[in-house]
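Pasting the structures in now, so scroll down.
Heads up, the next two complexes both have chain A, just with different partners, chain B and then chain C.
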Partner chain A sequence: MYFAGIDLGSTMTKIVIVDEDQKTCSSVIKHTGAEHRRLANKVMEEAMEQAGLSFDEISYVIATGYGRINVPFADRQITELTCHARGVYSLFPGVRIAIDIGGQDAKGLRINGGKLVDFVMSDKCAAGTGRFLEVIADALGLKLEDFGNISLKSTNRVSISSTCTVFAQQEVISRLSEGIPLEDIIAGLHDAIASRVARMVRRLRIEPDVVFTGGVAKNIGVVKALQDNLGCEVLVPDEPLLSGAIGAALLARELTLDALAKGEPIQRGERRLEEATFFK
Partner chain B sequence: MVAEKSKGLTRVREIYRDRPGRIIELKEEGKKIIGYLCIYPVLELMTALDLVPYRIFGDMREPITKADSFLPTVVCPFLRSCLDLGLKGKYDFLDGIVTTHICDVGSNLAGIWNYSVKTPFSHNIDVPHTAHETAQEQERELIKAFQKVLEEFTGEKITGEKLTRAIEVHNQQRALVRELYDLKKLDPPLISGTETIQVIRALMSLPVEEGNQLMREVISEVKERKDGPTRKSARLLLWGSIIDDSALTEMIESLDANIVMDDTCVGSRAYFDDVKVTNDPVEGLAHRYLVDIKCPRTFRARDYNDVRKDYMADLESRFSYLVDYAKDWKADGVILESVRYCDTHGYEVPGIRDYLNSLGIPSVYLEHDYTEGALAPLRTRVQGFLEVIG
Partner chain C sequence: MPYFMGIDIGSGSSKAVITDDGKLFDYHLLPSGVNYRTVSQKLRDELLDKAGLSPGDISCIVATGQGSANVPFSDRQITDIRCCARGINSIFPSVRTVIDVQGQSSQVIRLNDKGQVVNFVISEKCAAGSGRFIDVIANVLQVELEDIGSLSLKSDNPVVFTTACAVFGESEAVSRVSEGIAKEDILAGVHKALAEKLASLVDRVGLEEQCAISGGGGLNVGLIKRLEEKLGMELLVPPHPQFVTALGAAILAAESTRVEEIS
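Moving on to the complex of A and B:
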């Protein structure tokens, strides 16, 4: 039996397929974008091809992430909060606090034995998210991927006082015009995000292991800044984008096997492997 | 007019869609309509003089465009919306407006409304923010002053008999609301949280006797109905600041949960406390409106003279009623909501959560913008909360 988890994030779409033994058979990461979101089924087809499976061979599909309500081929939707908690736990069984910084928001999860017990989420505001760095990278004409390594060269980090993306952008430009080195500015930006997220997550009481996921966890500068702000080690998975999709796939597996063990019927969705129609 | 023919929940839905319809008819018949903000203006005094109290609401589906010239954007969007509607002429049918010292923005709004919207009659009741004995005395004097102003406005006197009668009909309405809420104790509840808000909104849009008639229709309809809410995995208690539109409750109830009880001012908070019959009716009114109503705008300390407060004992005395609600209505969790920038409710949240946590009652806090369009992130929070408690 095979189980799929699809995490339709605001920026990236991630799909993971696992088998009965929790082994990953395929994982695909694509940009969400307007077209891709509509064509989530294409990403699914790619994941199935990678695993050498047909759709009928996949016993259960769980959708998560912001786009979860519009996945016609999913059997069920579960929030990214629960899915991340499950996914991170599978990678780091000692996890107590997970921090996910994605394109659209930041989340803090308190996890106990793989179960989500409490959470905090940032508000609808780009500050403290991946979008914040994207906007600034764009303004500076730099590649986002380079931010982490550039910031490591910093010897005298500036303090970015604006927590608002729009104003921080102005602040960055004026710092540049003052002749402050780029690496010190970028290190300042990383600290701005990390301190904002740390303040929010502290409401859950920080307790190791702390795991950091989401696209922003790929930025070594933010990882370091988060460690400084929290005062503890922060673990990052090899592929920090996948924890939600892994969690969704594992939950799909657990729900199905539980139902089979109890002899209960499995609640299925419509499972139409086709385009979502909500753009009409 | 359709309103004459339809009854019960159908009528409720009509009033939800066209709120001032009936009130404009009454105005054409010569009745005077008095708008009021918040639940602290004493309705009985208006009813006793045959004035029609009409609660002022905002409109979260209407963008705020005019009010921003008068109020900063970093204050309560509900009150900004109310003023915006006033400035756009949506409350031009009012003969008067009664405001209270709800909060700082609310009381400033009263002044701004006076010189910018210019409703013919206006009065502000400077309701104290604590409920100790001297504050109660002040409240009694404020009620007497309000009575005098209303008598001057109408040219009629409020006799003891008229006031007693008004208290009776308002208490009847309160009893009817409690009766309706009893039907929410069942599983599934016989009426949804969304419908409940719409019913209460209708009551706040009609003269009290008409409201009582509508309530009787609603109660008998709800008892008999076969198309009520279905059983869901979670039963929720909803606490917080004003919700005068059902978009938020619709979102919550579109998930695997029923809102079975609330503590908001378009809900139980406005109706659960009766005015007690006292020799001097003003005493009963003052007690109800200052001491009994449980809105965080009034600080109800366990002991006002206790300088070294026992935190948990204080929380217990202030919020144990919420736990009673949760028990009596068998709620699995509590949603604490507040409109953005509502300090009054926001400051209450850490204490309520500490208290609920100490008793093992799960809760989640949502802050919203008083707009219909921004519900998606809240949906994730509510759904995540349901997964945590599920």
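Moving on to the complex of A and C:
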């Protein structure tokens, strides 16, 4: 038996297929774009091809993330908080605090024995999310992927005084025109986002292990800045984007196996795996 | 009769006025750019030229605004809150509340009949509370800044913005465009969102009539209309809303000189 978890985020869409023994068979990561339904279908087909499976062999599909209602072939939708907690716990069983910084929001989760017990979230303001760095990288004509390594060269971090992304963008340009090195400015941006998220997550009381996921966790500069701000070690999975999808796939497995063990029927969705687009 | 100058170095534009006997004599505006010192010199020189005066004709210069420390030739610096209150009081003595909407911040000031500040609140942390929010959306829609206010008034069906962030608002505007929603409805929506944010600032200081608008926001008929709807009253709009703070600075320059002469 195989189980799939698909996580439609604001920026990236992620899918993971696991087998009965919780082993990952395949995973796909793609940019979300505008057409959620078509993309959901595409990543599912790619993941099945990678694993050499047909749709009938997938026992259960759980969709999560901001676009989870746009997955016509899913059997069930579960919020990303629950899926993240489950996914992070499977990767780091000692996790107590999980921090996820995505393209459009930031979350802090308190986890106890793999269960979500409390959370904090920020999605009202672009500052403190991946979007903050994305907007500035765009204005500077730089690749976001390069930010982490550039910032490691910094010897004299600049303090960014603006909270708002729009104002910070302007502040960065002013600092550059004053001749301040790029690496010191980017290190300042990383500290700005890390201190903002740390302030929010501290409301949950920080306790190790602290795990950091989401696209921004790929940025080594933010990882270090977050460690400095929290004053403790921060663990990052090999693929920080996948934790929500892994959690969704594992929950799909648990729901199915539980139902089978109890001899109950499995609550299935309509399971329409076909190309559907918003524009049709 | 001595002349006085007020010079207001703002985040987006720098304004200077010369007063003669407490009345506006001449005024000038330049974009602030990145070097406030250079722009303040240039602003002074160009304004003096325009007014046909020489530096010696100006008895006292007061600098205000976020770049006021970078005006090397000023005699004094006074906060923009005080200058704005004094400026609006000289134009409309009946005004007790002024909403000052600038490119990068907004402030609501309560003042007394002498133009002294009673209370104020500033919103400067977030672009969604300033004129910048409208600039960002106008940029997405490729509408000239001068046209946004009047264009927004053509809408009967303003779009509702679900976010309070200018960056997320930009994405929302892009989504609405792709859904085929008219520019004027999107513009009307952003004006409404800003008006609501400003009205909440007004609530925090308490609204006392009459109420005026100043700053660059006072040039935007769309914003004025939405604010009037939200506050349920008419707003007084000065003839040159962007120059109210610089005018107040010039008047305070004259008044401080008078006090010094007496004492």
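As a working rule, the second predicted complex is superposed on the first by the 270 of 280 C-alpha atoms of A that agree within 3 Å, B and C clash if a C-alpha of one lies under 4 Å from a C-alpha of the other, contacts with A are read in each partner's own complex, and residues count from 1 in each chain.
As a convention for this text, a contact is a pair of C-beta atoms (placed from the backbone, for glycine too) under 8 Å apart; a residue touches a chain by one contact, two chains touch by 3 or more.
If you're wondering where the values come from, they're calculated on a predicted model, not measured in any experiment.
Visitor: Based on the shared chain A superposition, would you classify chain B and chain C as clashing or fitting together?
Guide: They clash.
Visitor: If you stack the two complexes on chain A, which partner ends up touching A:A217: first (chain B), second (chain C), both, or neither?
Guide: neither
Visitor: Is A:S177 touching anything from chain B or chain C once the two structures are fitted on A? First, second, both or neither.
Guide: second
Visitor: Would you sort A:A63 into first (chain B), second (chain C), both or neither based on which partner it touches?
Guide: Neither partner.
Visitor: Which partner does A:L116 reach: the first (chain B), the second (chain C), both, or neither?
Guide: Touch status of A:L116: first partner only.
Visitor: Could you tell me if A:I78 is touching chain B, chain C, both of them or neither one (first, second, both, neither)?
Guide: first
Visitor: May I ask you to decide whether A:C125 touches chain B, chain C, both, or neither, giving the answer as first, second, both or neither?
Guide: The answer is second: A:C125 touches chain C but not chain B.
Visitor: Just to be sure I follow: which residues of chain A are touched by chain B in one complex and then by chain C in the other one?
Guide: Overlap of chain B and chain C footprints on chain A: residues 124.
Visitor: If we count contacts the way the header does, which residues on chain B are in touch with chain A in the complex?
Guide: Listed in rising order, the residues are 367, 374, 376-377, 380-381, 383-384, 387-388.
Visitor: Tell me, which parts of chain A touch chain B in their complex?
Guide: Against chain B, the touching part of chain A is residues 66, 78-82, 105, 116-119, 121, 123-124.
Visitor: Once bound in the complex, which stretches of chain A touch chain C?
Guide: 34, 104, 124-126, 131, 135, 162-167, 174, 177
Visitor: Residue numbers of chain C touching chain A in their complex, please.
Guide: Residues in contact with chain A: 34, 104, 125-128, 132, 136, 163-168, 178.
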